[in-house]
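Common to both upcoming complexes is chain A, partnered first by chain B, then by chain C.
Moving on, here comes the complex of A and B:
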């Protein structure tokens, strides 16, 4: 629609026009917009946790054990979300917990993007033996259910949040490799790559300057979706006792702690669970919006 | 068709070697001495230690150990559990029906609700129904499974008291389990109430496990249906005066099946992964719980054998899906894709 107009303008404003049209497409999707708002609030919480959280997340208030949230009978404004079984303030733990969610998502995605894109490009550019080796290796990882593989990896590396993140990243890498390779292969057949080759571009230049930018759209969508799965899987590992260890205020670990109080004090389990659900839901909404804006062919949620 | 199948099987060989190698390496790279780790608190005497080292073959060079292991595998010997002393394969086949039963019902539930929901959303695109169904399915898709399972327990078992909390059948019933599938066995047993008890035990875990696949199916079938509904042959079918039902189900749905079958195939891995959490929460005695328990108990032969067996299932399912493609869309196997 506005493609021709963009091409005719100078480079600087062309970029602005692309961004503007991206923002226009993105905003069309109301869900994505709300998701972005929720994630922005969460990001602020994560950054300003030291300033906005009312208490320390690990300090135990022995005179206020298992206090219900303020909207339930017996709750006080001193602890808005109540306290857990050890008397730690739930609100503060939730606020600090948002840090871990971003931390997990960002680290996992960084590992996946770096390793996955490298391997995918190498596979696409080196047909034959190297490609076969890489792709078979990915098949092997994909043959194990991801949570089981991550669980086994953490058992080897030792239970900790960092090891859980590494394990999750390893399990997600094959998706990035396959996507990058498929995308790069389809780009490699195009004229602009052949002409760049004819002009004597090096392989590194072909890989990173010519081909990679044209593979980015689906990779961004995949990264967004993996961000939310990483949070879910890290919470699941935490829940099984193989992720973050006490007293880290990670939401999955908090859920595991609250499990024995599920009948007597259900809010202890409800609050972190809802937080995980809303975070993952928001990221998935953003992912849907990104896909609609970046790749009009794959439109799913637009009418 | 057969050359297609043959080529697919040939590619599996290196993958399979890799899988056995991965499972084999898992045990060897664990920090610390495997014998000391396995024996835990009870530190063995030097003689006992040497004996154990020899029994597990750890005194051999690594490559010899690997070939010995593969040789055993090819003869169907997956080693013995350290905790129970029983062969891994025997334990696996004893617990496997429980997981199949759970996963099959979860899949059934997911298909029964997910696909019609997706079709309705696609046909009623842009309406209130579409938005509601897609919001529900995205929520289901984003649900932390372990939390959802606990919520179901709190509400249906705790608050309403409709279903039991854990296990496969009430402890009051005793009967033979020739098939291992509790629904069939309880039906055959002729014990009054046994079948009902088995069904009640199955419902909640199956719904919990089926929720995420259900949401995936709904989303996928909606987008696949939207794609085919826009094609020319649908317009032709409509122009011919076929009923909307026939156009939707016979013409559009059949052509939307390829992407849907893909997701169903992929969801088997999701179901097996989800079974780990579901079985742990509902104390369902299947292979998911077995693997988690073994990982925690450091029962390494079980972890090793279990990983290989589970990977085998995933690979077999993927192969079946590939063959199914050829049946649904003959163009694919001809292209040799």
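Moving on, here comes the complex of A and C:
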């Protein structure tokens, strides 16, 4: 028992050292740090939406339609961000909307990572026909403008949030396939892989135990960057009426609902618009910071 | 011994130079309190192992330190009466190139790949604002290319760097460095990336040019053979400090400092000892092995591809306890043969008989039991260990694949680490925590974990410093004798081959041109190519002194 404790000691401290150096690198990047703070606040909102939002996001307050936010003349503290055309509390909708943003991002990235990494590894390990099939298919997907492609897919699958997420994932998969394949190919040329081959390692072993862990750093960076694009695309689909359907408090759908009031009540578009902007910006800043910390090759010179 | 020269005659004198490193480096100074002089008409060699600060001191002279992290913290560099440490950047730029020339290790990266050779040479004149007409410059460029021994200087001038061979590129670099008749030429490992025959030509060229132009040359190298070949004076550096300096004859034959003695005692001697022929059982026989890269099939445009014959009709035989050396220059196909035997590459035709069974025709499943008995040690100790796995997992990977229980293979890994001279705590650590030599030991332990009968060492010591190289060679020899292994030793280094191999096969362009006992091949070479290879080994006339009995660090 005590022997195990002693053995675990250096292991733990080594992990701490790795994390400490990662945190040091990450903090060097001011933007990433602020991005992380913003994202943390948003995450807390998403998790605790049931407790912190003052009203239900879909309840309509018929006596307070199109109320402006509190800092504009006529605004009240009862509805800090005002209400929309149906009298729903904007603040509550924003807080619940953050949930959907994370939901979209996480699901899309999960689909992209699993499918993209698998296809990328298969392509890298099976040169020739299989590789050509996979890579040409990816080229075809990339040849379409991404939003158009997603729109077409949603049109086939039927408009709903889930289908929008699937469509967005399909659009982003080629990036992951290409990245994984390129990274895996460069790792395959290294002698540690040859060594495993001489031991008689199976292809699955080579793929998942030897090669994949060495491809993770750029994939993590790509995943973060795609996270923000997925949110953006979902908002765009929502705006076009192909994503989340009313009364779901999704930011893009909220933008669409507010479209006709842009002249008279601009805050109804402004608030969700700014929320999308800052979320995407902070995720991208975090992505930059991650890249600096994880992938020294892509590091931008600071001197 | 040459007459004592005073600092007054020196063209360059470095006094108490220290170059400081950033705070988180492994030592405070890259170069610490270094003083030396360079005289006209001499070649000064700076030798040392990697990380000894030998390149840093020359970069300080050129003002090429990666400022502001690394900078000269104290000392003077006096050149033509001026202190190069304190002069302005623009004044330094004037001196760089025109008064002091420099050539680098990697001629491909030192030349601009998208610019013709003539243009690049022209730039040298333009950047130093010389008043020369276009015609004069053109004539000058051709003269320069001619001086460095390039055939058809007109054609070479119109070529891009990728069209030239490594040796030709290095010649162009030298022409560029010497374009403005500098007083001093700094050569930073200029022949390390070149083949041995090309290296010999470049060394001769540098020595000839130095004589005709009466330059001072600072030649940085890690290879004592090169030192013996060209040096007038030698400086030995270690951890940023000079441990010994003196004439070449003094330092090479009567080294004073224990560290110099240690370095020189590890240089393998050219004279191959006479060995008893090995008469045990044959482990592996290679018959008529052919391997080509590329294909001559026509593509859809009707254009035929290029075919490279990496091995043509190779016949070899290795017995139990025998080391067969496979030597040759880069591109001779020596690594390909090793990789075909272990079936990392598929060969086109031929037979590899391992213990009497042809293994080239086996299916993957049938091959599995054979794989245990053939193992490989790789060249680059940094790329051959998976950076994301612990040493224990790396060593036990093979046994795990072959179904040996984890506890058992883990115990064996501990024993193996002990054999290769590492602590068993290494099992729980990651590759990046080890030095190059230690990693190579781990690579050897990994190969031994499979209890092989045939070990293929593919340039296994080429990436290591000379003292580490000697230790690893010793270890390999010990293991071979203890376990009675057959070993295929692939190398480009004839000195190493002379020391470790029982038999030698010399390869050229995919063919074995000479095959026989090491002693015979070295002392009575038959083929022209073998003769030229042996003649090109730097410092071949230098008999490495026997330093046993003297204090060695």
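The working rule: the second predicted complex is superposed on the first by the 288 of 303 C-alpha atoms of A that agree within 3 Å, B and C clash if a C-alpha of one lies under 4 Å from a C-alpha of the other, contacts with A are read in each partner's own complex, and residues count from 1 in each chain.
Rule of thumb we're sticking to: contacts are C-beta pairs under 8 Å (C-beta built on N, C-alpha and C of every residue); 3 or more make two chains touch, one makes a residue touch a chain.
All figures in this text were calculated on a predicted structure; none of them were measured in a lab.
**Q** Touch test for A:236: chain B only (first), chain C only (second), both, or neither?
**A** The first partner, chain B, only.
**Q** Give one of first, second, both or neither to describe whether A:80 is in contact with chain B, with chain C, with both, or with none.
**A** Touch partners of A:80: none, neither chain B nor chain C.
**Q** Once chain A of both complexes is superposed, is A:205 in touch with chain B (first), chain C (second), both, or neither?
**A** second
**Q** Under the stated touch criterion, which partner chain does A:213 make contact with: chain B (first), chain C (second), both, or neither?
**A** Second partner only.
**Q** If you stack the two complexes on chain A, which partner ends up touching A:194: first (chain B), second (chain C), both, or neither?
**A** second
**Q** Now for A:46: first (chain B), second (chain C), both, or neither, which partner does it touch?
**A** Neither partner.
**Q** As a test of reading the superposition: which chain, chain B or chain C, is in touch with more residues of chain A?
**A** Of the two chains, more chain A residues are contacted by B.
**Q** Common interface residues of chain A with chain B and chain C?
**A** In chain A, residues 303 are touched by chain B and also by chain C.
**Q** Which residues of chain C touch chain A once you look at their complex with the stated criterion?
**A** Interface residues on chain C, with respect to chain A: 68, 339, 342, 344, 367-368, 371-372, 374-376, 378-380, 383-389, 394, 397-398, 401-402, 428, 443, 446, 450.
**Q** Which bits of chain A are touching chain C when the two form their complex?
**A** Those in contact with chain C are residues 7, 10-11, 190-192, 194-202, 205, 209-210, 213-214, 303.
**Q** Could you please specify the touching residues of chain A with respect to chain B in the complex?
**A** That would be residues 31, 136-137, 139-140, 142-148, 151-152, 155-156, 158, 228, 232, 235-236, 239-240, 252, 255, 259, 262-263, 266, 269, 273, 276-277, 280-281, 284-285, 288, 300-301, 303 of chain A.
**Q** What part of chain B is in contact with chain A in the complex they form?
**A** By the definition above, chain B touches chain A via 14-15, 18-19, 22, 26, 29-31, 125-126, 130, 134-135, 138-139, 141-147, 150-151, 153-154, 158, 219, 222-223, 226, 269-270, 272-274, 276-277, 280, 288, 291-292, 295, 303, 307, 310-311, 314-315.
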